[in-house]
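One chain, chain A, links the two complexes that follow: it is found with chain B in the first and with chain C in the second.
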Partner chain A sequence: MKRQALTTTLIAYAFLAPALVLLGLFTFYPVLYGSYLGFTDYTVADLASGEGPRWVGLKNLQFVLGDSLFQTGILNSLKYLLVVPLLQIASLAVAVLVNQKLPLMAFFRVGYYIPVVTSISLAAVMWEWIFQKEGFLNWSLQLLNLINSEGRFNWLLNEHTALWAIMLVTFWRGFGYYMVLYLAGLQSIPAELEEAATLDGASAWQRFWLIIVPLMRPTLLLCSLLSTIAAIRVLEEIIVFTGGSGGPLNSTYTALLYVYNKSWGNMLNANFGVAGAAGLLIALVGFALSYLNFRLTREERSER
Partner chain B sequence: MSPAKTQEAARLRAKANLRKGLRITLSYALMLVILGFAIFPFLWTLAISITDKQASGISIYDFPRSLFPPAITLGNFFEVIDKLNLGKYFLNSVFITALTVVGTLVVSALAAYPLARLQFPGKALIFGAIVATLVLPTEIAFIVNVITLRDLGLLGSYAGVVLPIIATAFGIFLMRQAYLAIPGTLMEAARIDGATELQILWRVMIPLSMPSLTALGIFTLVGTWNAFFWPSVALLTNDDLLPMSVAILKLKGQFNNDVFNVAAGAMIMMIPVLVVFFLAQRFFMRGLEGAVKG
Partner chain C sequence: MFKRWIAAAALALGLSALAQTQIEFWTYYLSPNFDNYIKSTIADFEKENPNIKVRWVDKQDTMERDLTAAVALGKAPDVVNLWQDSTFAAAQNKILTPITQLVNRNVLNQLYYPNALDMFVTEGQVYGLPWYGWLDQGVMMYNPDLLQKAGVDVRSIRNTDDLLAVSARIKQATGAYGWLPPVKDPNGASFLGRFFLEGLPVYDRDGKAAFNSPAHVALLQKYVDAMKNDIIPQELLRKEAFQLSNELYSQGKAAIVVGAPTTLNRVKEANPDLYAKTRIASAPLGKAGIQTGGAMSLVVPRASKNQSAAIRFALFVTNRTNQVKFANVVPIVSTAAGSENDPGLKAKSNDPLEIGKGMNSASGRLINPGFKPPKNTDDIYKNFNDNIEAAFLGRKTAKQALDDAVAFWNANAK
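Presenting the complex of A and B:
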């Protein structure tokens, strides 16, 4: 029997070995070593000449916190969080819309999901044409008489609109995804509840805010948590739309872009110490936001 | 019932029907607008990609004419493959995606088995460690991973792109969930027949977990085909192996004037994903909470 247990253990570890080696080497080690680098002086020149990192304590953290570019980055990443409530409420509303028992609902759902399976680089190619001065967005606004032809501008080259334009693309790529998650939750709301409210004369607007939103709160909070974590880590969108510059005038410079541009985004000047320190600070902000969200969800759970 | 009352009832019913009809019409109108928002970029890009640019006075911004190209051609597609070497990048995408899918399936299917069905010392610890990868600040891992790949001599190779991304908590837990749903009596029967653990995994667990394996494979396929950031970093030193998702932006930068070719390239990249998505839509519309979107 004892021998059998030993065999089982050996087999278990043999099966686990590929996953453990890869996770150890490419997930645990880089997070630990990257955190350590945050307290050292280590540049790409050191790497090339084979010199090791030199311990400098809190110097990098001080530098990063005092760097106005990093402050801009944190501020823009926090601004990016504004997409979360808009995205979540809109996704829930869309889910309610396609949850009706009408023909062609599956067709609309599939159509709304197409942006989700679109690469961010393709999204950048297509949306850049839409945001051009002569692009589709300005043409539509002109059609609606909201601007005239002198009022047209490139939405990605204006420091007041660039971040919002990129947030719109995040919204575009996200609402179908969350719609599907909300559709699963909506199945649990009894149809009689809505029918009763309709008979009592509640409008669609009232039914949405007074019945569906309160009943969907657990799903709403979970999705908001997922969405918050993704939004605070926004990086790919900025790279594909601005080529990594975070322009115009740093108006789209996000926190993680700072990490990228201090390391492999700007390879010849890479400073892994500064990048690691900035990464640690962003991780702290991320943890704080996740914790806040988790507390909110837990209270919600204990209430139910 | 008096005639007056019948009339009143009919009037009320007609009013209710009218309201219902109005509501349905409004719903469809709204859904059509949202559909336009969702797919307009593709429709426009498709229109650009098949526009015959030889015709005089063609501008992609000449709305609404540019949405309905007067002269249609497939020339842009041949040109982008011929001149910009898109075929090479397409094949890179195929190789990277295929290796990642196979790797993810093998690693996940193997690792999930002991976690689901075997008792061994250290199981709780390993389980906890895999859960921990979900909360680790992995967004900074790329900094060190490039250094590691360089030290291993894998920087700028397919293996360097693929190896760091095939072991994921999502894949392992998805497979573990599938194995847990298989009745234990089947395993016991196989053991009594003298089957080894590897045989049980291969003959019992895997055939019965096909839906989960397929789902994992499809999610990995679409995710890897579309991935931009990691391949762009891992192939920093080797432009020749870039997948389409990274190459398309480089092409756009270099040939900014020819939007027609870029649009054709975009379509070439998008069509395989669309085919997979339409064929496997039920996996996506079921809503697995795996991938995270902003």
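Presenting the complex of A and C:
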């Protein structure tokens, strides 16, 4: 009997092995090595002359924490988190809407999902048209008499709006993805519950807040976690819209852009130690936020 | 007997394979447009040097990353095509072999224009062989309809001040922009170039940044005002001038493009009618009366295992014969000494574009690289651009912006 259990375990690990090897090689090893580099002095010059990293303890962390550019980056990344609740509420609400058995629903589901599979460079061209001075956004605001033609401005060139404009693009890109996750979650809610509530005279609004949202809480928390991590790691959008400068006036300079510019972005002047230390700090913020999410899930479980 | 023949043949083959050196050559964004030229140059080289085989790889966006990775993995390429800033960064980080260790400096002085060679000198050593070059100002291309509408005579545009003045008139009369000057770009510090072109120094005699004199401030203020009055588009803070010029010119929303004649290839694709109408004049220069420009380099990484074959090939690719051949494929500026008299660059017809291209390619001795980038380039240029941006967006005065940039520069250029 024991032998059989051992065999089962071995077989299970044999099946897991390919994935474990890949994970180890391309995820765990880089993460561990990158973290180690955060405590060392290691630049391109060392790399080129074949010298290894030199341990310097907390020097890089001190440097990064004192660098005003990194502080700006962290602040902007935290601001970026505001996209998370908006994105989750909106995609859940739309998931509920497209979950109904009405004609053309497949069309809407596909429509909302298209931004997810659209390449960011293509999306950037479209959004640049929308945000420019003679663009669609200003035109719409003018039609609504919210601004006059003197009030038009390029949304990506104003330090008060640039980050929000890029957040809108993240929202647009993530919306369909979370909607699909929520749709899957909604399928698991027993239809009887809603029917019973309807018979008891609950309005659509009440059914949404009192039945769907509580039952969807596990999915909500999963999606929030995923989008929190995505928001704290935002980079693609910033590079595409600002050419990696994080402008105007560093108003879109995020924490991960700092890491990128200290390493891959300026490879021939890369400082892997500083980049590693900054990466570690961002990971810490990510961990803290994930912990918060898990805490919320646990409370939820003990309530039941 | 037969077996013995086979064995001998195999041995001979094996020996020749041993004697043959393979080198790897990396170019930057040259494929697929120039496949024929590069391949035929390599074939010519291999014919002259039967014991060297060249493997060609064209790198694009990931050039710097791939180079660093290849060096780290011990698989360094042997000849690499870089540009001035990257050559400096790579030299400072000890990635490159000083060319002067492989070839005598006197020989180099005879092969290339001194101004071109000087672009790749740092700490007294040459780190790259000058390859194809360009002139930033090149020629002035304009849309005659827009100029006529604004009542502008093209002969009245003699310098950059005139260009700005005319741009204001064009904007007022037609709604289109005139000229789009480079003010900021992600990889360099364009506005330093504006100072240089107007004869204002970037450094003082001790090599310290000194671009905050009243004259510098006044110049920056002039462009800040132009942007404030929408004579030059604010979008220049986000997009590089050559890219934006191309887009707006092709749409009829900009009247003038100053730059390399090759710009017109894109206009030709985007708007053939406008291309047919476009006229060309010589480029108006700044008060210094110089044409700035640059050149690509061919470098040899220190980790290359075939240094002598590598330098042999790099010298071959950058020699006058091959640069002139290249100039006949695409109007590059040859950096090989003596190109101004090379019959291969004389126009074969009376076609003005043909004459212009020939003149352009033969003007390598006029390329003025401007100023040397500082050490710690990335941080310093980022700070410079941030300050320039703050001035253009009205968040700092021109004086404050330049004072701040100079202070940061001198504190961080170690």
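Everything below uses one rule, namely that the second predicted complex is superposed on the first by the 257 of 304 C-alpha atoms of A that agree within 3 Å, B and C clash if a C-alpha of one lies under 4 Å from a C-alpha of the other, contacts with A are read in each partner's own complex, and residues count from 1 in each chain.
Methods note: a contact is a pair of C-beta atoms (placed from the backbone, for glycine too) under 8 Å apart; a residue touches a chain by one contact, two chains touch by 3 or more.
It should be emphasised that the depicted structure is a prediction, and the values quoted were computed from it without experimental measurement.
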item	value
First, second, both or neither for A:L156, with chain B first and chain C second	second
Touching partner for A:T242 - first (chain B), second (chain C), both, neither	second
Chain B versus chain C as contact partner of A:N250, first or second or both or neither	second
Which partner, chain B or chain C, touches more chain A residues	B
Touched partner set for A:D67, first chain B, second chain C, both or neither	neither
Touched partner set for A:E194, first chain B, second chain C, both or neither	neither
Touched partner set for A:N261, first chain B, second chain C, both or neither	second
First, second, both or neither for A:A45, with chain B first and chain C second	second
Residues on chain A lying within both footprints (that of chain B and that of chain C)	47, 132, 243, 264, 267
Chain A-facing residues of chain B, complex	23-24, 27-28, 30-31, 34-35, 37-42, 44-45, 48, 59-61, 63, 106-108, 110-111, 113-115, 118-121, 123, 126, 129-130, 133, 135-148, 150, 163-167, 172, 197-198, 201, 222, 225-229, 232-233, 236, 245-246, 248-249, 252-253, 259, 262-263, 266, 269-270, 273-274, 277-278, 281, 284-287, 289, 291-294
Interface residues, chain C side, partner chain A - complex	64-65, 67-68, 71-72, 86, 89-90, 92-95, 186, 234-235, 237-239, 302-303, 376-378, 382, 385-386, 389-390, 393, 395
Contact set on chain A toward chain B in their complex	5, 8-9, 11-13, 15-16, 18-20, 22-23, 25-31, 33-35, 37, 47, 80, 83, 87, 94, 97-98, 100, 102, 108-127, 129-130, 132, 134-136, 139, 170, 172-174, 176-178, 180-181, 183-184, 204, 222, 226-227, 229-231, 233-237, 239-240, 243, 256, 259, 263-264, 267, 272, 275-276, 279-280, 282-283, 286-287, 290
In the complex, chain A residues that touch chain C	43-45, 47-49, 132-133, 154, 156-157, 159, 242-245, 247-250, 261, 264, 266-270
